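Okay, structure first, notes after.
Chain IDs A, B and C follow the sequence of writing; residue 1 opens each chain.
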């Protein structure tokens, strides 16, 4: 039985006097990959940043509505716990340059002052790096700084870092748009494997990527949710005309 | 955004600067407190710097009061500085400061401009420019007292020799000697600033001039220098400000004479060197207060220069960014 | 006709190039002169005794500058301890609040502070510390030097921290790290090398300052570890001995100037090495 892990209800968000997101309503199914797609400027990044409450860092940020994580409105609880339950990977890989690979993976714990025993640290680092498909490549240089890694490897390091916190949901904001095709493929395969243990929400402007990996698709246009549904339906038989136009490349 | 046509209330988040604490009040947790405390601590250190400078100014004024009350504006016009009769006038030192500083600026200008141009236009990399860059940085790091020492044992004999040759009173010390030492000291200062300024000039403007057949001299004269004008002015101002306040090297070669300098080669005193000489020996309250008033003048002059320099740098960066 | 004009312009250009290059390199001569002179005169005074012994009264041979070396370390140490924390916090404040009007006021204050002649800083330290304490002290000298150090370190800290991309901050926030920890455990460590460099450069600068110590630390012919009492320092010693009429003292002054220059240069080189080696790239 598929359950909704995340429900977005009547959600609006914006900056100052302009509203970016208008009346967003959809649910994210557990242990599935949901992608949010749409042309540039449609608000996908804003939406995802609202989910882990990063949006409120921008000056003049506004929002209204509810985002329910397992039934609990994330805007009514402490944002720190929200962000620890929801992991995020950014468009450009951003590992901490002054930390070793080892420390980068468990940086969520280190920076939060959460004490771990030696065995726990080893376990988390190994597991997360394996889940992120990076273990084999870095297992001999764990204590070196991560700056020598390629873009794709750095991004997988960031994924490992997010996974190490054992989040309920993993958010990815166009994670492969700055990577070469080979790394892109690797990460897409990764997401397929991760599906069993974690729910993924991915923002992408690459239609074929969305078609390749997602189970559900939300199509945003100019801040409004045009259509949402299982991906095989959306891609083969979209209900909304705008969706069809976007998918066939008439704009965007 | 359409205003209240929506039935839902838009919770307007007011945040002057980004930060997560705006929402904490809804949750109430210790991170709100820690972040708030941290932010307040940062703010307090900023305030303390501002406060420090303010206090410096206030204390200088307060302690100059006895002298200000006693002499008023005549302080700046009177030539006599007489601790015995407790009559104090700052004109000799104002004159000494102005002469030495402007002369130093004049002497240093061709050199610092040449260095800026050489490093900014002629040779940006390579052995000689590396040597030049390092020399300038080292020059800037030499302590003032070492310059003074050098001045005492090298410059003074030389100047004395020249004075004898030209039938001038062979003091050796004096305005001329201090100006030379000062000019050496301010060269690195204005040279670095000038170089940065010249390096910032966009390549395409220069290329346009070159492609029209101009020689490098012409490009520099007609394009680079006018463009960098405000930046170079800022450099000049800052060098001048530095020269005004320079103490040790000047004290050691200026001759420490408290009368109006008669000419280029007479011993004199600048405001800064006077303070260095007399402060520890000033016994009477009015003497000390007069010295502090001179310190106040130095403070005000340097503050004006700093602010003007900043304005010019700002002007330069505006022209830079179009 | 055109050719004559062009060759005249080219000639001007050549002369200009020669002049500029000539002047630029002449400007280096004083540096060479100073270094040469100090090494020549100073190196001969240097022996082990120079470092260990205290100055002898005039007339007696020998003697060293031990108290001045120790004194320099003491006042610089005091200045470092006072100035570094405040400078760091202010540098963080300025880099975190780039556009606010108040931070502009703070920046202007820092510019003014950095332009104040060091002798005036000495006056202030005298008024604030020497007068209430009714005597000269290493503490007042350290406080004066701290005021000179502040703007240097603050500016360098602000510049370093400004370079750190916002994405690092976001990565930290996304992990649920609160703001204060993000600044202290991500931003600061990342900017560490730049900040250390700034501190070292400031230390090299104040080690050579004489004017602010003239009526604060004041000088002391004996060794002194008590910070509430006057203390000698290398630049003070150079000044006092160089301006004295005694030949022996001049010799010692050369030696002291030599040591001083070495200290200043070594710290500067250290700063540059650290800046290159520990540089964190993004």
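One rule holds in what follows: contacts are C-beta pairs under 8 Å (C-beta built on N, C-alpha and C of every residue); 3 or more make two chains touch, one makes a residue touch a chain.
Predicted model only: the values in this text are computed from it and were never measured.
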Q: Please state whether B-C or A-C has more C-beta contact pairs across its interface.
A: B-C
Q: Compute the centre of every chain as the mean of its C-alpha atoms, then state which one is farthest from the centre of chain A.
A: B
Q | Rounded Å distance between chain A and chain B, as computed from the means of their C-alpha atoms | A | 52
Q. Once you find the CA centre of chain B and the CA centre of chain C, what distance in Å lies between them?
A. 16
Q. Just curious, how far off is chain C from chain A if you go by their C-alpha centres, in Å?
A. 49
Q: Would you please write down the residue numbers of chain A that are in contact with two or more other chains?
A: 57, 80
(Q) Which positions in chain C are in touch with at least two other chains? (A) 173, 178
(Q) Among all residues of chain B, which ones touch two or more of the remaining chains? (A) 16-17, 19-20, 31
Q: Enumerate the contact residues on chain A facing chain C in the complex.
A: 52, 54, 57, 80-84, 87-88, 90, 92, 94-98, 107-108, 110-113, 147, 158, 161-162, 165
(Q) Looking at the complex, which residues from chain B come into contact with chain C? (A) 16-17, 19-21, 31, 34-35, 37-39, 41-43, 45-50, 52-54, 56, 59-60, 63, 110-112, 114-115, 117-119, 122, 128, 131-132, 135-139, 141-150, 152-154, 184, 187, 191, 215-218, 220, 238, 241-242, 244-248, 252, 272, 275-276, 279-280, 291-292, 295, 298-299, 302-303, 305-307, 309-310
Q | Footprint of chain B on chain C - complex, ascending | A | 9-10, 12-13, 16-17, 19-28, 30-31, 33-34, 37-38, 86, 89-90, 92-94, 96-97, 100, 102-103, 105-106, 108-120, 122-124, 126-128, 147, 150, 154, 173, 178-180, 183, 204-205, 207-211, 214-215, 218, 235, 238-239, 242-243, 253-254, 257, 260-261, 264-265, 268
Q) Mind pulling up the chain C residues that touch chain A in the complex? A) 165, 167-168, 170-178, 181-182, 185-186, 189-190, 192, 280-282
